[in-house]
Structure formats: C-alpha cells, structure tokens
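A, B, C and D label the chains in the order they appear, each numbered from 1.
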Amino acid sequence: MPANPATRYVYLGPEGTFSEQALRLVSDAPGHRPVRSVPEALEAVRAGTADAALVPLENSVGGAVGVTLDEMIDGDPLMIVREVVIPVDFVLAARPGIDLAAVRSVAAHPQASTQCRGWLRRHVPEAVVIDVLSNGAAAQAAAKGEQDAAICAPIGADGQSLVRLAERIADHPDAVTRFVLVSRPGPPPAPTGDDVTSLAVYISHDRVGALLSVLTELAVRGVNLSRIESRPSGEGLGRYVFFLDCAGHVGEARLGEALQGLRRVCADLRFLGSYPRHRWAGGDDTEPVVAPGLTDADYAEAARWLEGLRAGRPD
Amino acid sequence: MPANPATRYVYLGPEGTFSEQALRLVSDAPGHRPVRSVPEALEAVRAGTADAALVPLENSVGGAVGVTLDEMIDGDPLMIVREVVIPVDFVLAARPGIDLAAVRSVAAHPQASTQCRGWLRRHVPEAVVIDVLSNGAAAQAAAKGEQDAAICAPIGADGQSLVRLAERIADHPDAVTRFVLVSRPGPPPAPTGDDVTSLAVYISHDRVGALLSVLTELAVRGVNLSRIESRPSGEGLGRYVFFLDCAGHVGEARLGEALQGLRRVCADLRFLGSYPRHRWAGGDDTEPVVAPGLTDADYAEAARWLEGLRAGRPD
Amino acid sequence: MPANPATRYVYLGPEGTFSEQALRLVSDAPGHRPVRSVPEALEAVRAGTADAALVPLENSVGGAVGVTLDEMIDGDPLMIVREVVIPVDFVLAARPGIDLAAVRSVAAHPQASTQCRGWLRRHVPEAVVIDVLSNGAAAQAAAKGEQDAAICAPIGADGQSLVRLAERIADHPDAVTRFVLVSRPGPPPAPTGDDVTSLAVYISHDRVGALLSVLTELAVRGVNLSRIESRPSGEGLGRYVFFLDCAGHVGEARLGEALQGLRRVCADLRFLGSYPRHRWAGGDDTEPVVAPGLTDADYAEAARWLEGLRAGRPD
Amino acid sequence: MPANPATRYVYLGPEGTFSEQALRLVSDAPGHRPVRSVPEALEAVRAGTADAALVPLENSVGGAVGVTLDEMIDGDPLMIVREVVIPVDFVLAARPGIDLAAVRSVAAHPQASTQCRGWLRRHVPEAVVIDVLSNGAAAQAAAKGEQDAAICAPIGADGQSLVRLAERIADHPDAVTRFVLVSRPGPPPAPTGDDVTSLAVYISHDRVGALLSVLTELAVRGVNLSRIESRPSGEGLGRYVFFLDCAGHVGEARLGEALQGLRRVCADLRFLGSYPRHRWAGGDDTEPVVAPGLTDADYAEAARWLEGLRAGRPD
C-alpha cells in the first residue's frame, strides 16, 4: 500500500521535523501534507480527507506520546498498518560562516535541548538556549539569524540550507522515535512472521490481580509483550486503559486465541492493528522463535484431536 | 445407555460388596458378572466380552484406587461414562440369635476394620478382629459361624441372611466410595450443565513450574478442579502422571479450549471421559455457575469478533 | 517536614503555572525558587542547593512526564516524600475590558490548547490559537496584549491581573496533574495506612514472562498496583525499566517481603519512596483494606510459628 | 538418631515383609517390634511406648497409603525424620525340592499378585492364585505346604527358609515403596542440601484458584514439588487436604518464607517434617540447584537492603 503514489498522507508538521523524515521512508512521492497536531492528523483520516497519517507513538527518551494514544482510542476505530523507527539524530546547525566557537545562542524545542543537555554543557557551555515550539521552528530561527544555531533534525537543517556544526549530539546515542502509519480499518497487512499487534485494554480496577489476568491470557498462549503503558481512561478514577504491544499477528492462531480471551475478560478491548515489526536496514535482527506447542500447526493438531474426542474417536 | 437390559456389565466382586450395591443403582437387571480384580474387569471391556465395567475409583477414607487409575491409562483407550457415589455404610452383622454383647470375634477386611476402629473400641472392646480378604468374605465367615460377627456392606449382610447388630458404624459418617462405569470409547454422554471431565496428564519434570502451567491452562478458562493426584508414571523416575477431575464437559467451549491447551503443552494427555456429576437423591446440590466471560455464548461472541478483525471489520 | 518555613524548595517554573499552584499546597512560605527544567530542579536537590523539589510526575491527559522519571533514576538516589494532585483547572483569561465575543487570538501552550480543543471549537470557533512555551508565558502574552486571551492556570491569570472569561474549560473535567516532592534519601515518612510506594524495576528481557514474575511477587503478598509504565532503559535495546506505583509502605511487612522478592529476582531495582496517598479535601476516599492473611499481625504470627517449627515446637 | 541402639522402633508387620526389610536399613539392632496396622504404629509413638515408627507412605504402583496420611494428620503432631525407599523386589519362593514347572498354586497378597500379573501369565499360566492377607502370610502358606509357592519379599522367603524360584518378578521393574520413619516432634534433622519437606495443606474450596494460590506461594520462592495428592478432609464435602512433598528444608530461608506464606493463606497447614532425600547407594543423583536469587545468601542480602531502605540508607 505505501508504494501507491496516489495515497494521500498527512504527517505531524511542521516541515523539516523527524516526522517528515520518517514519512520519506514510507513514500518519497511529493505532496504529502503537514498538519498542526496529532488530533488534526487522525481526524483527517477519519473524515476521509487523507488516506493515512504518520504520527509519533513513542520516543525512547520522552516516552509515549500521550495525545496519539488518546486520539487512537477516542472516536471511530483506526488501524496501525506500519511502524517506522528512526534514530533521534539531532544536529547542531547554523548559517554558513558561523563556527562552533562563535555560537552564543541556540534555538531548540525544550525536549530537544533536554536530550542534548550533556553535549551542550561540554561543547558550548557559554551558549544560552532559547526555547522554540518545534524542531522545525528551531531551524527557521537559525536561518533567519534570530539565534546563532539550532538543534534540529538533519532534514530540517537541509531544508533551511544550514551547515551542520556537529552531528549525533543527543546524549543517548541509541535514542529513537517510533512513528506509526494509521489508516481507516481494513484487512491487516499479511503476516510476515515478525509482526507487532497493538491493543488498548480496559480493566475495571487498579489491581495487580486484574493486570495479572491480562498478562496471563497472553502468557498462556506464549505471546510476548514488548511495551506496556497504563493511562487513566478519562472516564473517572479507578478505570485504567493499558496500551500493549505484543509479538505476533491477529491472523495467527495463538494471538487469535489470546485476543478472544482478552475480549472475554476485559472491561473493553480495542484492537489497534497488526503490522510488520520495523527492521533496520543491514540489521542483524533474528526471527522470533515460537515456543513448542504454540505454532499454527500445533493449534490445528489440537483442534483436530478435540474434534475426535467429541465424536468418540480418541487417539 | 445404562437402561438397556441387554448391556453386559462386569463389576469388582465378589458378590455382596459395595461394588454390587453400586451397580444396582445403574441397572437392576439380572445376570451381571462379578470379576476377581479391576484389571480383569477392564480387560473384559477392552476385549469386548463385556460392554461396561463398574470399578471403584476412590474412597473418601482410603483415597485413590491406584490399580484402577493405572489400568485406565495402560492399554487401549477406555472412557468413563458415569460415576456412582455411595455411602460407605458399614454394618455389624451376625447370624440370628447372636446379640452384640455376645460378640467375641469379628471378621473384617483390613480396610473395613480400620474405618470402624473407633466404633469397635467403644462397643465391642473385647472382640478380636480377624482379617479376611473382602467385605463379602467377612459376611460369609459370619454366616458359616467361623466368627461371631462381620463388618460388611448392607447388601452383603442381606445376601447371607445375617441380622444387623449395628448400622453406620464407620468412624467417618460422611465416608463415601466413588465408582465409575467404564466402556469402550464413543461419543460422550450429552452435557447436563453439571459434568465432570477426567484426565490423565503427563508432565516431564517434577517441578512446581510444570504443574503450575497445567493448572494455569485450566484457570485461564475458568475450569475448576475437584481432584488431583500425582503418580509416578512407571516409565522411569522424574516423569509423573497427574489424574485430574475438572468441572465441565468436553463439548463445552471453555473446556474444549483448555483441553487443546493441555494437549499442546503437556508431554502427553489422555482423556478419560466427560460424564454427569453424581447428584444425591433429594440433595440440595446447586447448579455450578460459569464465571462471566466463559459461557459458550461468550466464546461464540469472541470468535465472531475475531473473525471481524481479521476481515477488516472491527466493532 | 513541609511545614518547616526554612525549607528551601525549588519547583518547575516559570511562576504562574500549575507547579507553583501545587507548591502552595505544600508550603505558603515565601521565597521558593522556580527553575527552568526538571533536571535543574533535581540537580539542585542532589547538589544540596535546595532541600526539596516539586516536579510533575504524570498528567491524566498527557501521561507520564518522561524527563522526571528518567532524572529520578539517573544519578544519586532521591526519594519522593509527598505527592500533590491538583485538578487541571484551565481558565480562559484576558485583560479587563475584553469579553469573550471579542476574542480573536488565544495564547496557549500546545498541551493546554489540545486539552481545551472541544471547548475552543464550541465557544470561540473563530479564534486563532498561538503556541507559546508555557502556561505562564500564555498569561504574559495576554497581559502584554500580544494576544486577546490566554489559556492558563488560575494562579497565572491572577498573577498577571487578568480577568477570567471562562473557568474549567478542559474537555476532560476530571483531568489532574500529579506532582511529587523529592528530597535526598532519609527515613521515609511514617506509614499512614494509605500510602504509595514508587519503584523503578529493571528486567532483562522484554518478555511477558519476566513482567509476570514481577507482578507475581507483588500479587502473592497482596500488593496492588496503581500505575505501571514501561520505558526503554537507555542502556541498549531489550532492557526495560518499569515504573510502578504500589499500594503500601516500605515499613509494612507485606510490602517489605515483596520488595525483597523483587530485589532478588530483578536485574535491578530502585526504591523511589513511600509516602501518603493524596487525599482530596472533603473527599470520600475510603481506607484501603488489607486482604486476610496479609496484615503485619499475620506476618508476625507466621514468623512466630516458623520459629516454633525450627525449634521443634509445632503448634 | 537412627544409630542409637536403644531406640525402640515399631514397624508395620508382620515379620518378613518389605517393612521389616526397610527397617533393617535404618537399624540392624535386634528387638524391633512389628505391629498390626499403621494406626497402631503411630499410636505407639504418640503414646511414648515407641520412639519411632517405620510405616509405608507410598508405593510407586499402588500409590499413596491413605491410612498413613490420615493418621499423620489426625491427632497430636508427629514428624517424619527420615525416608527409606526400597525396590519392590518380589520373588517367587517355594519349599526346597519344588521347581517352577511343578507350581500349581501360588499364595499372594492381592496387591502383590496384581503387580506380578504379567509374569505369572507368562511363566506359570496354569497356576491358581490364592489370596492371603500379607506378603508375610504368603511365605508362611508356602512354608506350611498350603500352597506350592508364594509371592513375597526376599526377606520373607529367607525367614521361612524358602528357595527362590524366580527373582524380580514384578511387571514394573522400577517399582519402589517409600517408607517414612516417624517420631514425636523435635528439632528437624540438620539440612543436607538435598532435603524433602512434607506438608498437609487444607484449602477451603475445591477450586483450581485455591490450589493455584498454594502452588504460587511455592513457585515464587523457587520451591519445587515432587508429589501432590488431594484427599477429602473428612470434615465434610468441599474441604480438601493436599499432601505435598517439596524440595528443601524448613531451616532454609526460601522454604521458610514459603511456609509462612502458606500459613497465612491456607485454611490450615500441618508441617510433617524436613528430612534428607533418599539417595541410592552408588547412585548418580545430582545435587539440586537453587535458582539465582533464592539462596540463603540472596535472602540475607535482600533483608540487609530492606533494612537500609527503612533506615533511610538506600544503596
């Protein structure tokens, strides 16, 4: 689907941010539209004025992007069809002719300056950091000469014709941001053998027992968890929603059985999509291994056996 | 099936024991054949020389009848189709004319005298207990005058024309014996809403973790357990077989899913039957309650929902 | 401690935000110092230039404040000694003389305008929202006449002598922000019977099994969970840190035993404090009930019994 | 203790059975007294007329010896101080001069003939089996010429000066019987690093949930289970007692914590002893491995850490 040049995408703007950089990995066709906020992006998809939206889901430093989670479960169903994980690859950029020693002011989004705090202290200890509203706005401020330099995404520096004074300046060199491509519901992408399924699970009480029940439904079917976040459901105290990322695909037997179990025991459950796990180009990611007894073939064999018992033909 | 007068039954003999008394509850047709041992009874069914065998499975005082368990899982599959629970209703019986004060010797099977030990001490402290090989043999010894009295089943006293000197003499007044009616495999009896399913489960290691896995497969589907026994599997140390009695019927969705789970995770699993739970005449047994989310209707609804997700139609 | 007028507090500035409003509930002494960022606030405590810092931990709309979590576990130990929960009570404020119908531009922090989106659409659909860097900055922009009105905290409106055009304009009327007061380690506040214990738990693998182990250590001791967040630990992929809030106090037997269990089974564990649960003035909060067998008295009785067994004195 | 020649032992008689053979492994001093039944043996210990009783606990073919279990928990506390496991090493024995081909009748205890059924069918298909009341009685019947041969223990054949016509005739070559040496309560034998702890656990309901709780208390402390039996408690339906054998010693930290947990959550709990696991002479038994985090040292470290937290000294 992403290869279709006619697909109309929206993404969290402004231009020149990591969101645009992530969208380039999905489609390099022109004409994708930046929007001002995550709610606006998802509303465009719900309303049909866009086919899909690329929005941030979590940042390895800043954590979950709450507004994305909330907007996914508030309103008509939407479906994640792809994830894109990109390094948080901050650069310090300036107009041509300014070098590092001359930098006295740095425009930066507060989250960006927080992530580069150690680097700034070591390399430009005298510089004042001036807060701006986005990484794109930081690049613009440097381009206009409002500040000497900017912390921004590489794509933002390039878009404003800035020179990179330093690259990879984030204190956590492995920091990444995870974006998701969201569309209206439809049949999920085909299983690849290494997929993620995202869920929003409502439980009635803030009890370890209720959460244990949820995890046990997954564990019994050998479904691993790669992320869990609790959030108040907004419907009053004592009602929680948990966002889970599980290994597996809705089309697989073991995940299907686990989903049915959650459907039966949870106060509510929203399926947010099954999609291929992001794989790094040239990475050494290994295929996940399904535990003995939990493959689709094992499920089929057990179903056949049960049918035999019910018909009076044990083996 | 039990009502068919042409059905050929065998039961654990000799005549005049609790086994015969239990069989009378299944069929009062004449011509049922006592056999010498449980293996002989089950072999008659396997070989087709009998249609069903009535054998003891457990005694509330003596515990599991090991030979029955072992013979059930050793050889071609058999199936429990009914359970019969009768009170262990020992009587002290003697020839007419002998009264309690005159009793100086009592014939008894060792298990029977053990169960009546307190009563004997209080009521016939001077009497000597003479071991015999069965409750039926005890009645015969009293009838022949070899001993003054016998501890036996009511049916054994009647069969030998003995007079009951005392009734209900067992020290545990609630003691019962549970018999099962075993036949060759076939479609199980129809679900009644209050059924028992018996299983033999093999696990590879004597670890609490392995047993926890088994119980968790049941608990996740809300399947309660009414009995559990571990026995060495006879195939070498460190391999155990667990005999489980579960509430529910193989034809029900939640038990079916639990059985499939056990089939996938256990070293081996033998289904021993689904059959109505014994209910006492005039008893106040209450219908079992299935927990929310675990009825057949809940399973059907969750299956329909999952199908919708896979087809791209979430609700 | 909070009542000591000599205590030197820092809080997340600028002035006129919800942070300052929360700090007023802790101390109304003058001279508390706003700082630019959470890291700066916690560094002031670690360095001893402040005695305690008031920082946001989570927002019922925006979720966890990642930077607070990360800074708590990165560096020398710190300890939460109190929590303060305040309603997210946004007002729309303007200079005297401007009424609602005349508002054409609104200054707001992006998170604030997101939370008031529905209200703005209904009441000032023609107004343009102008992003600013904090709720305090929004009030200043309105006071200076840069924009017609501001979304801000009541304290921010008052501080800038603005008039409230509307109150409680957040779309989620129950939205709250939870702040914590953080100090250097010391004996925790005395148990009150209704306390929270915060933990950071490291597990080695992103597996549901590892997380189940953690929750089971808590569940076995009847320790309930009121919050859980997973975050990448920053030390490479596949190593996660979970932030947990548990019901109970480190000084209680059952929580003490659970903590020791986590200490033994987790890759790492950091205790972040035991402190009284926030209670609303006039609220109808009920005292938590400890399950049978899990009170301090039950623990003491069981310890006494075990001691007897070891000494050869069973009871 | 067993080495003390003055210790007065009783054992389940008559002479010439496996019980006597097992007792010889404990003490070869003369003068040990056979008693008629397990209740009599345990009463002798409770009354102080014997110091210890050797009684059978389970048989790998016949299963648990119910009367032993029941008598252990009914009355004043007793304590298992040692286990002795011996092969069920049946022989076919006859008076000198009778050879196998001439055997037409065999005296045997019903359990013994059941265990040798396959062998009898293959080697003496024409012989009639005559039931007698014990393995000792079988040997006597052969010695007196009442029958041609006897199935008995080697010690029984020797005691009656019989010749062994065949050895190891049980169908399960690995069959064993496990005896326990029971004394009045006292400090348990010192831990050896490979011990067994026996428990009787009462739960209130026949629910998988209640049993899961018990097993979870053990699993959380890494305590493995080597045996589990459910028995009706005799106190009315719906109240069960489980007999558990666990790996470990009451003196060890992890088992101590698990016992305290059971003490708190179970309806009732009786400690039946901690004693060295039986080891075969020349066997290749390996030492059990305690999982990481569960050694006594790990417990001590975690306790020290917790004490630090409570005192305000985190590490």
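Here is the rule we use: a contact is a pair of C-beta atoms (placed from the backbone, for glycine too) under 8 Å apart; a residue touches a chain by one contact, two chains touch by 3 or more.
For clarity, every value in this text was computed on a predicted model and none was experimentally measured.
Minimum number of contact steps separating chain B from chain C: 2.
Chain A and chain C have CA centres that are 25 Å apart. Chain A and chain D have centres, each the mean of its CA atoms, that are 59 Å apart. The mean-CA centres of chain A and chain B are about 57 angstrom from one another, to the nearest whole unit.
Residues of chain B in contact with at least two other chains: 216, 219. Because contacts link each chain to exactly two others and close back on themselves, their graph is best described as a ring. Listing the residues of chain C that touch chain D in their complex gives 77, 79, 185-188, 216-217, 219-220, 250-251, 256-257, 259-261, 263-265, 270-271, 293-294, 298-299, 301-303, 305-306, 309-314.
Those residues of chain A lying in contact with chain C across their complex are 37, 39, 59-64, 66-67, 69-70, 110, 114, 117, 131-133, 172, 174-175, 206-209, 211-212, 215-216, 218-219, 223-232, 234, 236-237, 242.
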